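Next come the structures, one after another.
In the two complexes that follow, chain A is the common piece, with chain B as its partner first and chain C second.
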Partner chain A sequence: MSYLIDDNREGIQHLLMGNEAIVRGALEAGINVAAGYPGTPSSEIIEAFSKIARDRNIYAEWSTNEKVAMEVAAAASFAGLRSLCVMKQNGVNVASDFLLHLASSGTRGGMLLVTCDDPGALSSVNEGESRLFAKLVEIPLLEPGDFQEAKDLTKWAFDLSEKIRNLVMIRSVTRMSHASGNVKFGSLPDTNAHAEYRFDGPLLDMETGPMISMIVAAPELQHGPQQEKLKKAAQLFEDCPFNTYNGPESPELLIITSSACTLYVREAVNLLNIEDRVGILKLATTWPLPPNLIKRNLMRSKAVFVVEEVLPTLEENIKILAAETALETGIKTFYGKHSGHIPSAGELNPDIVISALTKILHIDYRPVEPSFEQKTAKMAATMAPTREMTFCPGCPHRASFWSIHNAIALDGRNGFVCGDIGCYVMGTLPGGYSTVKTLHSMGSGSGLASGFGKLKQFGIEQPVLAVCGDSTFFHAAMPALTNAIHHKSPFTLILLDNSGTAMTGFQPHPGSPFDVMGNTAEALDIEAICRAMGGRVEIADPFNLTETREMLNYLMEYKDGAKVLILRQACALSPERRGKKKFDVSVDESICIGENCGCDRLCTRIFGCPGITWDTEKKVSRIDTIICAGCGVCADICPAGAIQKKEVA
Partner chain B sequence: MNSINLDRDPYSIIITGVGGQGNVMASRVMGSMFVTNGFSVTIGETFGASQRGGSVMSHLRISKKSSWSPQIPRGGADMIVSLEPIEAVRVLAAYGNPGVILLSNTRPIFPVNVIKGEATYPAIEDIKTAVKNSISHAIFIDATEEALKMENPILANIIMLGAVIGLNILPLERDDFHKAIAERVPHDKIDVNMDAFDLGTRLVRQ
Partner chain C sequence: MQRFGSRELVENVIRQNLCIGCGACNNLCPYFKSYNGKTTMLFPCTLPEGRCFAYCPKTEVDLDELSAALFHKPYGDDPLGYYRSIMMSRAGARAGHGLFQAGGTVSALMQFALEKRHIDGAILTDRKGIEPTPILATESKDILKCASSKYTAAPTLAALNRAIKEGFGNLGIVSTPCQTLAVAQMRLNPLQENTFRDPTGLVIGIFCTWALDFQAFKVFLSQRIDLAEIRKIDIPPPPAEVMEVFTDCATIEYPLSEIRQLVPEACSYCIDMTAEFSDISVGVMEGRTDMNTLITRTDRGQRIVDEAVSAGYLVLTDLPDENLEHLKWAADNKKKRAFAKAEEKAIVNTPAGTGPSYLRINHATLKKIRGE
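Up next is the complex of A and B:
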């Protein structure tokens, strides 16, 4: 088994994910330090660095949260090294306080903020937009348009960062980060690097002074020079080799696009066979826009179509330049999100671009015979039932939410759970018995629960619970729990400890005994932390349904301040459990009473583990042994005792 | 290199299934086989939250020219490889056309709403009949049943790859697979993967 990403043969081609291409570009730029917090679709970047860290003399870490990751990477830059921090779009919000200050102090060694956005929220709770941060904190923004460019632009960004002495933001999207394409490799530099932090020089001296962001009431001293850096970036962008125009000299329609949308546009133009009617201006430098390049291209056509995902960020910035240059470039008709030709929400694809282009250019296009479409659509509607998201077979969260749901019902005071970010977002869905009633950002379940708990004085009588995972606890729930303990807010935090950052692929966190590079690490003890903070702490195994449910009911009754119940059981996909069944589970058909059991098929209709199926002819439950993970929980819920578990020898 | 030429550029293949079936692995292996043969490959896939019990799809675009969209346009698939039968039906409706070649595993993975009794899963014979009534090139193989005989159901994805290559439609050969799999699995797992691959090839050539 080999790892392709550090192949030192210049000119060789490999099939790389966009995320891996970004890593390769950073390697070719001689990166030294990389830090991040896991989040789909960004997680493969730190993982790739960790695999080659020793060979390439790199320090990589999963930081406690995104703000810390940015601070760790900035320290390397201040000491003259090249570094990057990486996060998904939501993480930029977490890091944004430091981001604003870092953009103000500037950087020394080349430093990148890599954000992986998720248009369409394929693996997120929202499709938040990170590009606006570049404008907000006044740093340059780059967006690669294909896989080769993901590598080349990353390398180019390090040089840019050092030329302007500030952080550079690279924004990828799911269809770039998690898609793959051919990437031709360049050479790898020597891995020698020496770190030293210089601070003896004058205040505000970028090379030798202390790195600070603090010029009270004198913004011109720091804010002014920061804006000059941005102007310099705009000048450099005028000749950036990654901004390209393809098409006739004066097309009927000028399409302006960037990122993965470039590939959708190329596909649409090719399928509609309109290469002679439209031109494509593909931008890699989307903030600040290079004004002369935009002006030159705006002069090509009276009609401009901006293709982008999420907010009309590029469209609005182009419109400002068009307004400012209207005397030279002429009055335009704009198409895009504001005109409704591109939907305002959701990710794009070639079909959406095709549909817009057929309307703008009055083209008739039918990819498939309508009769075939109707026939297969009807077939799918009648034969292919949808697949709703649910917990994996053997997932400890299914057992936890089963007990939480039952405990709340038994309690009878209309209690509720404040949810958090992780696999357990599915606690909002039928797969988690629709137990979770609030869901927002990392750590917010505990913060909301802390607030709900203080509403007693206004008559609220409902017991308040919150859930969070072990990684989320360190990331953002700790300050919320601190608040609740300090203010004696009577809620129960259920800490779903499955020993890893399970949702994103099992990354270690501060509670893990090893780090991402495989070195031993100091494992922080969640139980001891909660006790030291002053909370009442209990521990249970969620696979022990009776003990868990009783403990929950006890804690809901117990009124004094914040309580923590740690439900500890490893994720079914974790290295320690994956492929290893604890129990062989089977159904004794002679005992299964099927539809006549207390709740009409409690196991299949209510519990809903994918490992249990229903035999529609014999009217009995069955275990699908390929899918069953052998946790044995269903044997404990079966009221008839028909589901039986036998410990695997 | 195989002498077969692809009749479309880009040639578009969808590998589909349910989370946990080894979809991503199969698409990476096939993609790198094409890269080795000098093609420009683009693969689009979804994984992460959506794979928890959900449908998964990999879109492969094979070209002599450039990268293409990681999402295949509607009706644009030239070949559909499905590790689960109703996923074949779903993909056929969104990306199929009368000329598409479809190769599907027969082993169902029941969605939770079927297990709960809120939806019904059709009989496999009904799926086969309906698919064959709408396209002329549809092949079904019992890949999971064969993999179970090898005592490892996850090998169904490799059996399906062997079957795809066995169709002699793609310009790929057994040696290309050997090279690609050797780069991705531990040394002692290469033989069992080759056995699964050869089994798949035999199944479609019988």
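Up next is the complex of A and C:
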């Protein structure tokens, strides 16, 4: 992450990631408070704020979860400050309860909800959309189409939020957040803001009254005015400088697009060399749509092609306006998701847009010879080894799942693990010994397990376990554990405590002794919390395979109520373990049983640490000392004692 | 014997409820493990042939091959198997004393064999609470600690495999008939390994009509009594038809008819009551709680019995004829019932190429067992 973000030389250009551009935009808007919960592809935003927080008098935090992050940012807005909260698409689901209330109470200081969606689910369990929330809770939605715009639109959004006195949603996507482009900087304002929460004025007075989402059903008092705000936004959008049209006055085909798809469309049109046949309407204000602007542009062409990722959100909203203005704009042929020209699942790319355009415009275009494509596919199959998704070398989760798998198998009652979100989603795959049998949202493993545990009266005899990471525990698993303890649901919660929010890059969480700005923080003790909640708590080191497995078997047989096993071992990539080997590990070839009866390659065939490789010629295993993290766990699984570990002095 | 691998072991034994949890497939490799009396395969193994399958006493047991190896003749029709002598016995004055099940013959013979270095260790069955736990004993006091019967099936041979891995090469083993079968198969070096050496120095079989399923027994007892209070469990010899459970303050009796419900299906296919492939087999004596029935089968067994007697570790007397008759009758009954059941399930002498057969046996003997 660069420190260029707070460069105060107006007009200078820097190469910034989309996420950094958003941060710069917020700085230029004079932001005071930023809160979020880590989640790819959004995490760099809070991290960037934390680096310049002191200099720019900003308060930044990693909140316990997305809902709390939104509440923290809203408090700043209520006190007259500018703020934003940031999260990935799934986080908006978590925050959505508060979001609906906040959208109806409105905001004071400019406030943004920045969501980074992940079309194609590159780093997510699903590609759920956040755009629809803007429509659902009736707030404006902005989507930057390039990196400069990511900065400028963010700054513009703060003004918009203050003009309409409501939250504004800015949506980025992975290819916008994580790609980089040149951004020309504006100036930075002074950083002395004063916070005061005013509440003495009349109820529903946006400036001076208490900020409440109405307690009684009085839609005319609050819901009506909220909708007026949205209408005002639509009006402002009519002249928004970030909605642009490029192309002939009356093109054969009007392409309407937004966000990262703008880049794909530009590239496709350029490659096909059809600048004179198509026009591109790029929208930054995708909800509510400015009706006149849309109408004007619809009149340009009889054929309209909407390019967007995942659901046909923009497409459907455009179609509504087209239907309403059909008398003036005429009958259109629409291309997009409903016509099947663009898929509704997965990421887009220039190739997909090209192939759609060639069909719509009957263009003969072959980017590569079909035979070439076949040849490369064939070569890739023979030359690139197939790689399974697995945990890193030395990862504590591998050891944990090894023990969990074995404990369940030995127990013999067909027990299962309810999983949840984190690196340990790999527990569903062979790399985690296919141990995890349910996988949904954060904390839901514990909730499901609490439910399964109560099915004994219907004859379920299977032992129930759940896994959850330390960050997830605070985020969403605590209510589920509370439920289980209260209702005496007999399940075992395995807390995979690797001391950090590992999957997204070691952000601190409530169990950490410092916060994102580097200040000391109150570290909450998971063990003490679980004990205080009334659970039976045990602790083990997952690298001690026997102890962990025995403890699990014991807890599975111990029937009373909810039990917690904290498996404590730092992540292999954590600052404390990274690059520091505990053991020098090697294989004694003369002892290795290899493929013979007695082993059948347990280490490379089943255990699967990438640090161990199979020598196909000598038929023995060996340690790749560059990859091996020196955890020494494989030495304990080898049936022959062929894998040997020596403590590094 | 036909050779197969772990896949068939799981399919034909474990999934068919034929596994008795003897432990013969444990500790050979990382895949088979016993827990709570049940043997489980943790991960799949891809080998088409393996020791796990070859050692298992519940599949591909070739009675003629075993008989030929140990007694140099095909499997015969004597319900007690081949033997040299049958006597009555008890521990002699030189043997240390323990809470023997009956006459202490087993413990006395093992002590003798260990102290005189006929063996370098003894594979026995101790207990932790009510759970039978296999151990390797290298001192007489450990042998005495293991005295008395644990009535649940035990993975005793898991300790044998571990001891072999640790380098023991001349082991004494006290095993039930199914375990004794497994040991006999191990001794054949079924996979023809170059490095193989017979790891046994003395195999003492103990009589058995059935053992209990550990899990089922644990549930049975825990529903009736606090497991932590149990001091001892005993089944006194016939005609008493009860199991006695001793706690600090009371003795509780459960009728055997109730206890027999906890016998696993695997035992009903077991054709062997007296551990026919041992060196020496030992059982209780009807009506005499202080004596054992002693069957000596092999030269090695005979030598050790003789030496133990002259060294004062063992005392022998003649066995009354009516006891022998009754023993044969009981053993014959068990064998007939088990063969009938196995034949009903079509797992005796199944043709080669159709997968594993539970038992292989010559037709002449099979006909006699059937009573034809």
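We take it that the second predicted complex is superposed on the first by the 641 of 649 C-alpha atoms of A that agree within 3 Å, B and C clash if a C-alpha of one lies under 4 Å from a C-alpha of the other, contacts with A are read in each partner's own complex, and residues count from 1 in each chain.
Please note the rule applied: a contact is a pair of C-beta atoms (placed from the backbone, for glycine too) under 8 Å apart; a residue touches a chain by one contact, two chains touch by 3 or more.
All figures in this text were calculated on a predicted structure; none of them were measured in a lab.
Student: So, on chain A, is it clash or fit between chain B and chain C?
Tutor: Result for chain B and chain C: fit.
Student: Looking at the overlay, what does A:E61 touch: chain B (first), chain C (second), both, or neither?
Tutor: neither
Student: Have a look and say if chain B or chain C is in touch with more residues of chain A.
Tutor: Partner touching more chain A residues in the overlay: B.
Student: Name the contact category of A:D515: first (chain B only), second (chain C only), both, or neither.
Tutor: After superposing on A, A:D515 lies clear of both chain B and chain C.
Student: Please compute the chain B to chain A to chain C angle from C-alpha centroids in the superposed arrangement, rounded to the nearest 10 degrees.
Tutor: 90
Student: With the two structures laid over each other on chain A, which partner does A:N406 touch: chain B (first), chain C (second), both, or neither?
Tutor: A:N406: touches chain C, not chain B.
Student: Contact-wise, after the overlay, does A:I637 reach chain B, chain C, both or neither (first, second, both, neither)?
Tutor: In the superposed model, A:I637 contacts chain C only, not chain B.
Student: I'd like to know which partner A:E143 touches here: chain B for first, chain C for second, both or neither.
Tutor: Neither partner.
Student: Would you sort A:N553 into first (chain B), second (chain C), both or neither based on which partner it touches?
Tutor: second
Student: Have a look at where A:L602 lands relative to chain B and chain C in the superposition and call it first, second, both or neither.
Tutor: In the superposition, A:L602 touches chain C alone.
Student: Between chain B and chain C, what is the shortest CA distance in the superposition, whole Å?
Tutor: So the smallest C-alpha gap separating chain B from chain C comes to 11 Å.
Student: Quick check on my understanding: which residues of chain A belong to both its chain B contact set and its chain C contact set?
Tutor: 605-606
Student: Where on chain A is chain C touching in the complex?
Tutor: So the residues of chain A in touch with chain C come to 405-406, 409-412, 433, 553, 595-600, 602, 605-606, 637, 639.
Student: Which stretch or stretches of chain B touch chain A in the complex?
Tutor: 18, 20, 28, 31-32, 35, 40-50, 52-55, 66-76, 86-87, 89-90, 92-94, 96-98, 109-117, 119-122, 126-127, 130-131, 134, 144, 148, 153, 182-187
Student: Quick one: in the complex, what on chain A touches chain B?
Tutor: Against chain B, the touching part of chain A is residues 1-2, 4, 13-15, 40-41, 122-124, 146-148, 174-176, 178-182, 260, 263-264, 266-268, 271, 349-351, 354, 367-369, 372-373, 375-377, 379-380, 382-392, 423, 425-426, 430-431, 503-504, 601, 604-606, 608, 610, 612-614, 616, 624, 626-627.
Student: Write out the stretch or stretches of chain C touching chain A in their complex.
Tutor: 28-31, 33, 35-36, 38, 40-43, 45-47, 49-51, 191
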